[in-house]
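One chain, subunit A, links the two complexes that follow: it is found with subunit B in the first and with subunit C in the second.
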Partner chain A sequence: MQRWFARTPSADSKARAELRIGIPKALGLWSTHQFWVGFFTALGIEPRRIVFSSDTSEEQARQYGKGRVTVDCCYPVKCISGHYGELLVREKHRKIDVLFSPMIYSLPSFLKGHALDTLACPRVMAAPENIKAGFLREKDAFAEHGVRYAAPFVSLGDPKLVPKQLHEGLQGVIPALTLAETRNAAREGYAALEAFNARAARRSREVLARCAREDRPCLMVLARPYHMDPGIGHEIEMDLQAHGYPVLWAQHFPTDPDLLEWMFGDDIRRGFIRSPHDISDVWPSSYSANTNEILWGAKAAARMPWIACVIRLASYECGMDQPSYTPVQQIVERSGTLFFSFQDLDSTKPAASMKIRVETIAYYLQKHWRDIIERKKAASAPGCPLRKIAPPAGPAGGPGFRA
Partner chain B sequence: MDHAAIGHYRAYRPRPFTRSERDTVTVLFGGLHWRAERLIQGALENLGYRTRILPGATKEDLLTGRELADIGQCCPTSFTAGNLANFLRSEAVRTSAADVAQKYVYVTAGACGACRFGQYHQSYELTLRNLGMESFRIFLLAQNGLDQGAADGSGLELNLPFTMGAIWAVLVADLLQDMEYQVRPYEVNPGETERVMRDAVQYFYEVFRTSPLRGGKAGVVLWYLGTDRFLKALGEVRRSFERIEVDRLRVKPVVKITGEFYLQTVEGEANYNIHRWLEAEGAEVYPAAIAIWLDYLMRYAARDYADHLGIDRLARLKLGAVKTAQALLRFTYNRMRGALGNVPHELPDQRELYELAAPHYHGRLSGGEGDMLIGKALWAYRHKKAHMTCELSPYACMPNTMSVGAMAAVLGKHPDLLYAPLEIKGDAEVHALSRCQMILAEAKRQAQREYEEALERSGLTPEKARALYDAAPGMKRATYRVPHCGAAGAAANLVLHLAGCARR
Partner chain C sequence: MKIVGLDAGSTTVKAVVMEGGRRLWRDYQRHNTRQAELVLDFLTRMEAECGLAPERDLIFFTGSGSGGFAPLVGGKFIQEVVAVAAAVERHHPEVHFVSEIGGEDMKTVFFTPAGAGTGKQVYMQSACSGGTGAFIEKTARKLGVPLEDLARMKYRDLSLHKISSKCGIFAEVDANTLVKAGVPVEEIIASLYEAVVYQNLAQLTKGNTPLPGVLLLGGPNLFFEGLQEAWQHHLGRLWAERSVALPHGTDPERLIHVSGDALYFACLGCAEIGEKEDPRVARYRGSERLRWWIEEGQHEQKAREGAKALLASEEERGSFMKKYGRPDGRAVVPPGARTARAATGAKGAETAFLACDFGSTTAKAVVVSPQGELLFSCYVMSKGNPIEDAKAVLRQVRAAGFERVAALAITGYGKDLLKDVVGADVAIVETVAHAAGALHFFPDADVICDVGGCDVKIMLLRQGTVSDFRLNSQCSSGNGAFLQGVAERYDIPLEHYAERAFRATRMPTLAMGCGVFLQSDIVNQQRKGWTAEEIMASLAAVLPLNVWVYAGQLQNLAAVGRKFVLQGGTHRNLAVVKAQVDFITGKVPGAEVVVHPCPGEAGAIGAALCAAEWWRGGGATRFLGFEQVEALAYESVTNEHTTCRWCAVNCRRTFIDVRLPGAKGRPWSKVPLAEGRERVISGNSCPKGLLEDANEMRGVKARLEESKRVFPNIAEMVREDAFRRLEGEG
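After this line comes the complex of A and B, so read on.
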């Protein structure tokens, strides 16, 4: 009964339905957007009225973020000024009522319970406070545009805490919001996110299974989720995909027990790790969700024969990535997998040099992928489950698919 | 091919440091200011450890750190990793790498969270690998655990006697440092404060080294909380300071140091000797007490437990425990401060820091100093504790850059708040100091204006104030506490105090 009431829209449902919520598509939103869509939809906000800013671009920063940056820091944070600005100046008929920019303290992660924590980067979690200052220091730009600014602090890695935090953080933003319906909406949000992640992992497995069946190579990208933003990651993996290599992202690597047992069973039996998700053998201070996933992805790539090449992306001045450069490279290269790193990515895409590097990678791959796969297969445990299971029905995602 | 033929990468794991090695192995540590290091050394030796303090970090260490660890690290990582590397290298030249790995272990703080600080182990590991000394043992102690048990091998026990000794040493060192910085700029006989401080630290080293050892966990805690050993010793130090003559009518701007833990704490090349430089430029430095950091850690933990009320059934218990610990820390600090005549600065109220910062920076955002940089700057401004705040953060410091950015809105609201955020790279001294000097010039003007206003308010002239001061020799003692009369500077407060005394 309580659940039924929680699901019932409140008396202010009409006011809610008319709300338009603008969300800057940046940082932690790249791995949690499905949660927010599910959450707000469950609260009675029409899905078409939940709007995201566009992909990051230099043009966006120039047009909407100029003069708003308060401190020089990494581009993924700095560029958010452009996202805020773009959302604030939408045309009258598409004007947003609320600029929603959550301070995400911790993240949902498939490594939860196996790592020390799943924290967001300190800059990522605090970015809204930093960016907000640029819109307040002279005058209140939010008030000037008639937009309510909402930046609740939220520990998405701690689901029990989330309803309380969002209920507090959205008071006065969502009309007549109750704790019970916030609880229900958070549940819906997590369900939407899990469904999306499961879909992505399933597609990744299909790609891997096809590579295993055909003994063909694929690539893995090790990066933070926001490197999927074309303005941050500069679509390097897309350029490689154009050479015909399927691309997987570590965050969406399949975590089916049969596959993990085949990949990590030996390490568990030899006492290096306690579970397939354990990364303490390579990274003892596993506090950061994204770093942990990158490290785990490196281990997975090292143990998956058909991942013939790993591409590492990192932004200029990223203090989270910097300490992990050497272990990630070591993990990948010691397995005989090709490793290429694009560090210090910034606002401008150095197109010519990237093209040369992409062609170099394609050349090496073309030359070595057969040997790499054979060598890694020989070093793998017998009985790969990818080869046992028949390909699932439906589209498996051909070249050009990004999991 | 054997399917295990690939030699997968594994992270560095120090071999155990056993209990039986404690008599022959020396524990290396460092990274604080010299007073705190020396007193901690006394506390550790009291527990039976052989210890050695690493030399102060230098620019040469910075370059070594950059050379041996990954690119892009923050300068505290380069300084500390390079400092250790150069020490080990110099020792290895005298004996051998194997001998050094056998004779020493290194203990440092770490493992706190998601900024680079939580990942220092990787920089140390890489440094050791590139140095060819992978067999050298490094142990990290978490900064937020009072009783972490024994490190692998039980040679190093991070237990309550260890932690309580270290905390008490830090509290005493904080108070001595604060006293020193309040006295030296005004000393009549140059060098006197320096001499008294050296003697005081050496005296306290012995006090800690010879503390009577206590039994179990509860016994240790009760002993530290109940003993008057440290209060009596502080009384001795107070008597030494009493002999220093000061002239507090010298008009000097007060500069509060805040920033990233390492850079605000150390005194040396790692932060361009900023404390000494500011004094040489005519300022009184208000140093950053480590106790404030400990107080903040407990406030942060309390907030986390409070958030979990109704979710975690032990949350209330944990909240009560951490609040009690916080109250005991403040009680102990104030008791010790009282033993020095309440001359050292008080600890700011963490609740107030949180409330001041809240509109600009959420109190639950973690990493670095969290909301404290904003809270402390506003606290010093509101309560006239300093004319200027000098914030020292490493170049590209992840959390602190965020609060420095958020300060833009604070400065928009309070344009007269003098705030100098300095990005420290370790090798760009002129740039950082000239930036600081620009704001210091304004702080000097502010201090002078404040002094003149104090004279005006009190109806005194400089000559009359001097005459009143000369007539009260007790006030010229370094241990005389001039009450805070609403001004930030010592001279302005003294003028208002003299006028008040004259009226009485």
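After this line comes the complex of A and C, so read on.
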């Protein structure tokens, strides 16, 4: 501890505890959130000084991104201009010192080791470079606001590489940063992320267990994590939730061995796949973390009787999603599960047609869910662990179905 | 030697004649689509009024319409943005940003010092009316604002309202809504200016900051004071936000100039560039060939350019009519559907299913037999009071002799409003109704295309459900009202549309897309000598393109299926059917295209079939009965308490309180409603207005929160917890 203080240059940089770090809540952040919280907290940044931008919205783009947008056909990428702008113009006493926008090359994924790789979309990875340009074209808008811009390249899918990458990438940003503490902070980051993911998976399992017990339907969303951002995914799944259906997301599907054995055990024994996480039977070129998870999610949804309907979300002209449209649809539909996809999501939420679509889905779900559950149950292996084991007691006030 | 710079744009022709840096002549006129004639007129006058001489003087052309004229008179074409930039550099070297707004396009030019010269970055948009002069004028015309008044209308200090900046037709719809809500015209016009400036800044800056000095060019920027004020407001704010250094003590407004020559910059630029050009490339050869082109050439060109007509031969007509046509020129009705007249027997005793479709402009009703036969259909134009509409349409059903209704379905915009009041058994969303209506007749259908009067719906079917849905209710591209409008202009009844359109042996090619531009394109083609028949044929021919590609955004039709069902009243028009068949089979080899036996009633029939299904499942109808509906008593209230406060539009709503035994009433309301009464809200322009006020919203929100608690969403956990920063906080 004493060494740490002894090494801190005093006059030319703010002490870490006073640094305020702004992080655009966009793209890869939607699946690495807690990593960064854990990482920066471990480095001595005060938790309340780790600031995320707000959810994406049209107003945000209008107010903060106007005239900053660079050419990019990917809407979720374009939106970051608004996030950058919003973080830069915070009021005086809430000004950020660092705008931290990591270029995440690969992602942590529960399919790590089972797929060829867990890369991020290259366009998404490079987004910070692209968006930054809009703030540097004429004048350095970061310098103007006294903000240090940091966009380290980081392979979060490869924990061994991370400490060195972040240590180098944050030189001069975090005062007196050492490799050893970066290594420790990265470890803390992964632990925080894993803890969150475990909580989410547990919550998903509770939902499934209740559905199984009560023979009630739920929905599964197959989308990239950033579609959870209300400005990107347009809250479509929330509208369906309001019709009385719990909503699961593939990224947070429970991966407990008993459940996976029940769902995939037969396929393994018959030699179709090597492990429950193997997707080589449906998606041989499994390089993209998010795409892999969507494909795996399709398989999981197809095998889970109480998932009566799958909602696929994809943004306008997404080159990563397009090749997976047909396989995902076929995997889901062949199991007799309803499948609806909202493709080409863009800046405007076409409220009128969206309302009609949601009502349409609700109608067909209401009409068919009993048959779907019965059919899928008949096709699945006996001894569903969801029905055998009573769910762990949730915290008071937690989610639950009507008694 | 004189140099002519002539700018033939989308709505006007402008020209200057220069000699040794002196301006001898200039003029500007609207061409009302008679572009060539006006150019000829200008040339003739230049010759007479300032001695323009063939084989001596030079002539340079610019503008969207110029490409064709330049070679006819020996002139050279210069791209308009290049011309504008040249004039700005010469006459306003201090300028860093130029906006030129034209009738149907908009441009921005950024000038940045680069070494000894100036770097120029140019952006232009001409595919859509959003942000252009047409955008403003079209709406102003609709509002009945004369051009002279428009020029003087203000922007500053007026309340602004949200008007779609993207499309002229969307904007017109928004403006209509504002008018209905009683918003003053001045505020609507100011909002239009706001939308235009926003659109220019959003589309045509691409990461550059417009720096002072700023020069505003083009007709709209020159003529509309309010537009200038909007620019001043937005640029001033932008400069403050971005801390752009302004010369000490300068008011930002003084750095935004509107040139008195604003209309002539492209012309001046032509002359500017012309001075440095080799004189041989642009020698004026006189106006003879242009005159010839106007009198003969363009007609020859028309004959060459025209596309094949809807029907190439009598043979084609025969085979098409055999498959799709009826003697009366309407689409053929497959067996299984009967008309009301054909339905005989004791109707009163017959089990019948009734469906009502309450749309935004009409209310329809159909009666369907248990076998799915259409027994009766009728409609009324909506009078804005849903209760009266329901009474009117049910009165007709009763008059046709249907006494016993086994089940009642309700669909369309008004379904949730009237469900309880009339005692509907099922409320069916439009898509499901259309799908049920189509699948009953064509169980193997893949795609339903419903083209109505005011909207276009495309439904993709899989697993017997509507798996995807495209709705275009705001852009008129491809809808039936547009066809009707054109037919009316030619004084041709809609029933004769197809017959007339089929007479055409060739037809012009209209551009797909923006309805605003389509209108001017029609005028243009008409002027070239295309007849009503030929234009009507081409309008039918371009409809599928607008429906599938422009409105439906379906680039790859083959991927959506092979059996297409055409529904909606517009498909009664065989010219449209022929165009659809040609288009679809051209894109999807082996496609089967069928027209629904009752195109206009397909949705309502589908709803009735859903009612039948419900009835077969053991339902006992709660239909109030004809007499009771007729006897529905209500009081309607319209006052300051019923005005909608959800947004600045402040719609003047009407609360129609219907006496209905068992209804809960609304004791919490500002306009309290006693028990035994049901409230129907009308006069709102968006769905939000169906919620009475914050009290009701609180109730809805509480129910929603409760539902969210009971039915969790994992994304909500991510949104709420994943970005938390304090350990142990959850």
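To be clear about the criterion, the second predicted complex is superposed on the first by the 379 of 403 C-alpha atoms of A that agree within 3 Å, B and C clash if a C-alpha of one lies under 4 Å from a C-alpha of the other, contacts with A are read in each partner's own complex, and residues count from 1 in each chain.
The criterion applied here is as follows: contacts are C-beta pairs under 8 Å (C-beta built on N, C-alpha and C of every residue); 3 or more make two chains touch, one makes a residue touch a chain.
Because the structure is a prediction, the values reported are computed rather than measured.
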Put the two structures on top of each other at subunit A: do subunit B and subunit C fit, or clash?
fit
Considering only touches as defined above, state whether A:15 meets subunit B (first), subunit C (second), both or neither.
neither
Looking at the overlay, what does A:331 touch: subunit B (first), subunit C (second), both, or neither?
first
I'd like to know which partner A:268 touches here: subunit B for first, subunit C for second, both or neither.
neither
Should A:191 be classified as contacting the first partner (subunit B), the second (subunit C), both, or neither?
neither
Considering only touches as defined above, state whether A:71 meets subunit B (first), subunit C (second), both or neither.
both
Is A:282 in contact with subunit B, with subunit C, with both, or with neither (first, second, both, neither)?
first
If we overlay the two complexes on their shared chain A, which of subunit B and subunit C does A:247 touch? Say first, second, both or neither.
second
Using the superposition on chain A described above, determine whether A:180 touches subunit B (first), subunit C (second), both, or neither.
neither
So, does A:381 touch the first partner subunit B, the second partner subunit C, both, or neither?
first
Smallest separation of CA atoms, subunit C relative to subunit B, angstrom:
6
Subunit A positions touched by subunit B in one structure and by subunit C in the second:
70-71, 133-134, 137-138
Which residues of subunit C touch subunit A in their complex?
201-202, 205-209, 211, 238, 241-243, 428-432, 462-463, 465-471, 473, 553, 687, 704, 707-719, 721-727
Complex interface listing, subunit B residues touching subunit A:
1-11, 70-74, 110-111, 113-116, 118-123, 126, 307-308, 310-311, 360-362, 364-368, 396-399, 401-412
Where on subunit A does subunit C make contact in their complex?
25, 30, 33-34, 37, 41, 47-48, 50, 52, 55, 66-71, 89, 133-134, 137-139, 141, 144, 196, 199-200, 203-204, 207, 218, 221, 225, 228, 230, 233, 237-238, 241-242, 244-249, 252, 333, 338-341, 344, 350-353, 355-357, 359-360, 363-364, 368, 399-402
Touching subunit B in the complex, subunit A uses residues 70-73, 77, 103, 105, 117, 119-123, 125-127, 129-134, 136-138, 153, 160-161, 164-165, 266-267, 270, 272, 280-285, 287-288, 291, 299, 302, 317-320, 322-327, 330-331, 334-336, 343, 375-376, 378-382
